[in-house]
Each structure stands twice: as structure tokens, then as C-alpha cells.
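Note that the chains take the letters A, B, C and D in the order they are written out, and that residue 1 is the start of every chain.
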Amino acid sequence: MFGGYIITVAVTIGIYIILAMSLNIITGYAGQISLGHAAFWGIGAYCSALLSTRLGLPFWIGLPMTIAITALTGSLLAIPCLRVREDFLAITTIGINFVVQAVFLYVPFFGGAMGIGGIRSPFSTSSFFWITLIFVLVCIVLDRWLVTSWIGLALESIREDETAAAISGIDVVRFKVAAFAIGSGLTGLAGHLYAHFMTFISADDFGFPQSIVILSMIVFGGIGTLRGAILGAIILGVAPEIFRPVLDYRTLIYGGLLIFMMRFQPGGILGDQSVLPKLFRMVRQRSPALVRSG
Amino acid sequence: MLSVEKVDVFYGEFQAVREISFQVQGGELVTIIGANGAGKSTILKGLMGLESCERGKITFQEQDITHMPTYQRARLGITLVPEGRRLFQDFTVEQNLVAGGYTRTDASAVERDLQRTYDLFPILKERGHQVAKTLSGGEQQMLAIGRALMASPRLILMDEISLGLMPKYVNEVFNTIESLHREGVTILLVEQNARKALAVADRGYVLETGRILIENEARGLASDPRVKKAYLGG
Amino acid sequence: MIWQQFANGLAIGSVYALIALGLTMVYGVLRILHIAHAGVYALGAYVGLLVFRFIPNFWLALAITMVASSFAGIILQRYLYAPLLALPRIVPLIASIGLFIAMEEIFRLIAGPYILAFPADPGLGGIEWGIVRITNNQFLVFLVTVSLLATLWFVMSKTKLGLAMKATSQDLEIASVMGINTERIIATNFLIGSALAGAAGVLVGVYFNSVYPTMGSIPAYKALAIIVLGGLGSIPGTVLGGLLIGLGETLLLGLINIPFPRDALAFIIMIIILMFRPYGLLGKE
Amino acid sequence: MAFLEVRCLTKEFYGLRALDRVDFSVEERKILGIIGPNGAGKTTLFNIISGILRPTAGEIQFQGARINHLKPHQIAMAGIARTFQIVRPFGNFTVLKNVLVGFGHRFYPGLFSSAYRFEKETHLERAREILARVGMETYQGSIAKNLPLGLKKHLEIARALALDPSLLLLDEPMAGLQYEEFEKLAGLIRGLREEGITIVLIEHNMQVVMDLCERIVVLDHGVKIAEGSPEEVRTDPQVIEAYIGQEETVA
């Protein structure tokens, strides 16, 4: 249906959307800044790759196992994060990213610098697109369920004020761990898709710069909103492709875009206080009047 | 010396003080008393430039300072003994005092004032090389006053200085205020401890929920039944 | 052997401290994680090299670099951070990361992606002392960092400016009540911190005889580990953290030869220490 | 057996005693006032009862059970709700959502129940009732941080009531309010007591304390210096000294 190139870009963006949504749960909803999200993604991808190449598990059996293992590892890695707050938390998560990446790179079990290759995908490229799309939709449904559930309310209360949440009956520690578990469970899914789509992974794919890319997506789109996470992932996912003709300036433009956005639209393009949603609200409020007068 | 005309000060989004007017003459000790939350501290912060004045005018020695940045007000000779002391916690006692005299250039005068402060509070000399956060509450309060004196100010704003102090320190601190006053320092004192404040002050203003209720000589206020009622409900 | 490693570790550690100091100073007054600080460091290396190519004098290159990088720091403070201070802390952080990425790209586009040599010889000569041999370049690093750290120590502890800087980082409002122009102090913090980063860039460039666009990447994040280890905002803590990480890396890798990348070690040390002291070695709650 | 009993409670910060062997108890369906100058340790006392701080020594019993080792959320579940002196509603939430957070205490602990939708009509209905109780039903869609201080204080009470507490700790509910609002809030507090909620109240406004409370505990520098009926406390020379200073200095 599409060309291979388009499908590759589309699948990559789909994976980014899942990653952005998962970080949005930890950072946007629960307010726990994570600068090491790529580490969780890497854990998912490596787990999936190992299950596939070492144990020969098929895609659909490896999937739930990967999600479960990644969620478990994620909540274990969250434990050091419970002791520290704000900037100490941000830097601790950077540290986790570097350490996890180093483990992949230096422990022979994980294939070392060679990474892991030969992951077999049971799907053709175009059916992979449809599968990714379905997973993105499933994640959107999950996200909608989460924010309307008591868990979501508890997470957002913790972001607003931990102490006030605690005296309202919310077990702050448990829900913080839950946020990391749910968030990293989703990155497990993203990792599984990525490993099977690329069929080859290496530690370089999951470094700190990737974490920044994912964080930038949700900040760019409007942190704490689902629409922001999706749109941010699409824009920052497509941007490198659009800028391909100016390959040499691609990263520069990317950096400049981040500065420009933070300087002039710090709430993200779809954040509640930003231009587009305001415009949208204005139009929606005015349009009935226009219809009536017309 | 200081004149405040119809000033509004906001504390965050909440209007703490509205249309407030009062004067302090040179050499006077004036007190503003009133219950917690009446807006006393906000007035002092407004005078010091730590909260912005939305409306009205503040003049100090014939100069309009309504919108002047804090450090320039300090250089004009206004200083503040802030609520909760707010010492430089990691500094030694002596460093805190030296920081108080930051704007002054005459080293020998600073040295003289340092000795004077130590004479006033001998305990501070004893603790000169101790870090501020290790001092007791009373000692910290003395240090906060000493730090303000080191600026050789024309006007000292004092915010709730008896707060959290043991009664014997309260007496000591008020004795200090009286002796400063006798030396001719102009003082504006904000206090919850109304009796103490009125006992040392020349004049007083009673503040209630952001407005000035009564203005009178301190002696007059001390015997005013309305003041007692505002405090003890009887 | 161990003493030789010790000397190497100290040389690396003191450069780490030099880079991290600027970061900690900025954090102390503004509570911002200034990632682009490492961009200033790389900028310093390039400026130093440029000057050196015109006039091959190491000391002149160092001096001009420090002036240029402090200038860059002030511009960043004024035009990037000042308007972002009232916003959530993630905003200046991302802007800073964006700037760092952009700076690396600019270096690459202007100077090319290659490793450039920086063959400066300050004419100091090496020292042989028993079994420990301190190379020409190591001696240079020691000399410059020790004198810069000593100067900083002198400014911070003996001058009025230092007093004002420390007062401002403890309580900005009360510092202004004392008559301190806190805006100027913030700018001075950027000035000094950036000058130190620039100097570190030149030193590292000469030490490894290489200058390249991404030379700031590793120091950028390692410096974060160091300032957290020292207790965010503490100057002595940062020097301690820098030396500890420099020594720790060199000794662990040189003597035990553990199979782990040098650059992750800093973070492992940091995470372990944070578990016991959540506010760093010399940090306060 | 007293409803809430505080025994020999001591709290030290960096070697300084914020609370020094404080004892008192509250009977069910009574209003206890706690007064004292700034820095007397009143808010510290609330922070310990609600589990935010751990006591250095001493014990707290609530309905006969020791609670001083519990975490804040466990204490909230046990039926102790509180408000803060410096208000801290969930600023970016609507008023209604603030109340729902408190209402969720029965759903958070369960793995399945916490996955249920919180915006069910029955829950919303109950939250609106609670808002109506504090007179805020018309503000349910407003964003909390945009409310004036008086309404924020009412909102905190509503959020606390959503916990269905049997004990309510109010930390200076009147501070920052206009005079006109005092009477309304006092009426609300009396009404809550009528409904069976026991109340402990920290308050600086003497008129309010004297009118509302059956018993008053006076703290000064962490020590309980008096306890008794409003009349007893008001005429206690130690209380007068602690509050407005020694009588004789005015001579």
C-alpha cells in the first residue's frame, strides 16, 4: 500500500507515540521527572530480543512476558528514585540511563558492543504497520482509562502536592511505584515492537540522547496531556525526515526548535495555556453565535 | 521621614493590605500591632520592596521609593529584621554581621560598629566563629538585630522579633530596642506581642484584616479597651 | 604503579572539578541545571585553539578563552535563562539541553567533525619523582587548576564579592535587603563559572591533544553526577566530588580492571552514595 | 476512654524541642481549641497527629488504638482529616475534583477498585453534596488555584470532609478571612460537630476560639501551660503573659 520508506517512518513514529505516552504517565501525570526513559525502553527491547533469540519464543508469547519483566524492572529501578526529589531525581534517572546502557554494552550476555541481531519478525513490513497502529490505539484506550480511574486521580494528586495527597488517603509510595510500573510496562511494549521491527538492536539505540528526544516530545506537545504526547511524538518523529534534505543542519534545527519552543511557548503547542488550544476554545465558543447570527 | 500614602500590597494573589497610610518621623519608635494574618509583615515587605506595591506612594526622606529595587532602598538606609530571622545559616556569626555592613565603604566605622554590636550582645562575641544555624533561637534573634544594625541604618523595620522566643529573651530583645531608640535610631516595629510593643513605642497603629483601625499614642492604645478586645475577645 | 594512577586520577579529577564548579555555582543561585555549561567548555577549547593558531602562546590562548567564555555565559544568562526563571524547572532544563545540542552542531558545522590537534607546549617540562612520572601536560593541568581553584577560594572566602555571592545563594531576598545587587551577583556567577569551564576546555584540549565537537557530551553529564554527589550548590562538595570521581574512575579501572565503561562509573558511585545521603556528600536538606 | 488521647508527646528538631511532653485528650463530639503564640508548636502537633512528622517520644491513641506509627494515608483512612494553615488545595484541579480526591479513600487501596472510573454519577453527586455543605456548590467547575483565599479554605474543609472523618483537625481556618466570613465558617464548624464530628481547632482569633470551643489547650514554646474552659483560660495569668506579655510592663 505504502512505500517501504513511509512504512518504516510510520512504524517508528508509532513506537515513539507509545514511548511518549508512557513517559507522560510518569512525568506528566505523576509529576516524577524522568530523564532516563530510554533505559526502560532498552530493557524492553533487550528482554524481547533475548526471549526471541535465546528461547525462540514467538512474538505473541514474548509480548506479555516482555511487558511484565519490563514493568517489574521499572518498578525496581524506581526504588532509588523514591528516596530523592526534584533535581536529585532528574539526575538519578540520567544515572540509571547511563548505567543500564553500560550494562548492555559491557556484559557479554547482552551481546556487548555487537548488540543482538537475528530477531525474527513473523510479519511483513506492511502488516507490522497495522499491528503498531492497533497497539497505539490500545494504548490510547488504556491511557483514557487510566486518567479517568482512581489511580489516575491519585497520580495527578501526587503531582500537585504530595503531602496533601497523603493526608487525603493516598499511599504516595505505592502510587509512585505504580506510575513507574505502568509507564515502563508500556515501554516494554515499545521495546518489543522495536526489537521485532528492526530485527537488530544495540546499546547505542537507548542512550541518554534518546531519553531527551522522548522527553522533548511530551514537553513539545504539552506535558500532562495525551494529545500533547501524541502530537509531540508525531512532530519530532517526522521532523528528522522532513529535514533530511538539509541533513547537515538537522540536529542544529532540532536543538534550535527546543530552545525556541521553551522560550516562547513553554507550555507546549497543545498545553492548556498555549496558543492553539486557546484558539480552539475561542472558535468553539464563538461558532454557535456565528451560526445563529448567520 | 517615612510616609506611606494609600498603599495596596498584594501577597501572591491575595490582597493583604489595602489603602494603608501612615507616617514615621525621624527618631520615632512606631509600632503596628494586630492579630496574625492582619497584614503586618506584608507592610514591611512592601516598604522594603520584597512585595510590590500595586497602588499608592511610599516616600523616604522626600524621595519616592515606591518602585525602587530592594538593594537600592537598602543603600538609602532602610533595613529589615525579617520575620523568622532568616540569617545566612551557613555563615558564622561574624560573617553574618559583616554581610549586614555590606554597603558600607568605611572599614574603620564598620569595625567600630562591630565592636558596638558585640558590646550590645556580648554573647555574639563569644559565639563569633560559630555557624549561625547552631545558635539558640534567642541568640539568632540578637544576631538578626545585630546584622541590621551593622548597616548603620536610618530606619529599621522589625518584623515579629519576639516570635518564638523564650520570655526572658523577649525581655532582652525589647530592652535592646529601647536602648536603640534612645540612641536616636528610627524604628518601625511590627508585633503580635502588643503589650510589649506598646510599652516601648512612642506611637502605634492597630491593624485589622489589612486596614488601619486605630492610630494613637502608645500609652493611649495600651489602655484602649478596643485593643484588648481585638486580642482576647473580652 | 598505584602512585602513577593516583597522579593520573588527580589530574582528571581536578579538571572535572573545574567544569562542575561553574555548574554548581549557577545551580546555587538560580536552581537551574545548566547543561549547556558543557557547551561553553567545548567553546573554550575551540576558542583557545583558534587563538593558539594565530599566536602560538598557551597562556595568551588561555586568557583570551576565559574572557570569551565568560562573555558567552553572561549572554546565556541574560537571554536564555532570565526569561525562564518563573516557569516550571523542566522548561529551562530542556531549553538548556536544546542549546547544548545546537552548540555541538555549530562547532561541527564551523570547525568540521574531525579531531583537531592542540599541540600547545607551555614550556613547563615534566617531573620525575621516584617512580611517579608527572608528564608535562599533567603538570600543566595541576598548575592551572590549582591556581584557578585557589583564586576562586580567595575570591569566595576573602573578598566582599565572595561574601555577596555566598549570601545571595543562601537567601536571595535577604541578600538584597543587605544592599547586595543580586542581579549583578547572578551575572557574576555565570561569568566566573563560564570562565572556569572555558579554561577546563583548553586544558583538556591540550592534555589529550584533541579538540572535537562532541567533547562536551561526556563532561556534561558527568559534571551532573559530580555536583549531585557534592550536594547540589556546594562549592567544596563539588571539588571533593570531582576529585573523588576522577580518582575513583582511574583507580578502579587501572588497578582492578573491572569490565565497565568509565563514564557509567560516576553515576554508579553517585547512585550508591545518594541511597545513603539523599542530599549528597556535603548537601543540606 | 477519650476519643483522641495525646500522651507525653515530644518532638525535637536539630536538638531544639518544638513540643515538650504535651498531654491532652478530646472527648467525642467536642470542639477542642489549641491556642498559643507563634512558634508554640501547634502546627507541629497537627503534623504529628496526621502522620506527616514522627514524634521523638510519646504516644497518640485514637479510638483506643495507637496511631503514632502510621503513615499519613493510613491515618486519613482511620478517619482523621485535616486542613493546612497555608492552604494547599490541588491547584490545577477543579473544585469538584479536589473533593473527589478525598472521596477516593475507599477505592485507592484495592487493586481492582482503584481501576474503576472516578467520575461516576454517584460519586459526583456525593462530592456536590459535600460542596453544598460548605456553601461552594456554585464553584464546582472553577480551577482551585484561581479561587480567593476564603474559598480555598472552604475547599480544604470540603476535601477533608470527603474522607468521612470522625476527627477533623483545622489549622487556623480563620486566618486571612474577612470579618464577614468568620460567622459563616463558625456556623459550619458548629454544624459539623452537631453531625458527630469531633474537632480540634488551632486558631489565633480569640473571639472565634472562645465562642466555639468547650475546652482550650494553651501551648507556649512547646509546653502546655494551661487547659480548661474558655473562661478559665482567658483569666489565666500565664496565658495573658504568653499572649500579650507581662501586665506590669505597661504600667
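Basically, contacts are C-beta pairs under 8 Å (C-beta built on N, C-alpha and C of every residue); 3 or more make two chains touch, one makes a residue touch a chain.
Since the model is a prediction, treat every value here as computed from it, not as a measurement.
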Distance-maximising chain from subunit D - centres being C-alpha averages: C
Pair of chains ranked first by number of touching C-beta pairs: A-C
Where subunit B and subunit D are represented by their mean Cα positions, the distance between them in whole Å: 32
Cα-centroid distance, subunit A relative to subunit D, in whole angstrom: 41
Chain centre separation in whole Å, for subunit D relative to subunit C (CA means): 49
Approximate Å spacing (C-alpha centroids) for the pair subunit A, subunit B: 53
Pairwise touch network: line, ring, star, complete, or other: ring
Chains touching one another, given as label pairs in label order: A-C, A-D, B-C, B-D
Contact footprint of subunit C on subunit A as seen in their complex: 27, 33, 80, 83-84, 86-88, 90-92, 94-96, 98-99, 101-102, 105-107, 208, 212, 215-216, 219, 223, 248-249, 251-252, 254-259, 262-263, 266
Touching residues on subunit C, where the partner in the complex is subunit A: 27, 31, 33, 80, 83-84, 87-95, 97-106, 109, 221, 224-225, 228, 232, 259-261, 263-264, 267-268, 270-271, 274-275, 278-280
Partner subunit A, residues of subunit D touching it in the complex: 50-52, 71-73, 75-77, 81-82, 84, 88-93, 97, 100-102, 104-105, 107-109, 113-119, 159, 162-163
Complex contact set, residues of subunit C against subunit B: 160, 163-164, 166-167, 170-171, 173-182, 284
Residue ranges of subunit B in contact with subunit D within the complex: 14, 35-37, 133, 136-137, 160, 163-167, 170, 192-196, 198-199, 208-209, 222-223, 231-234
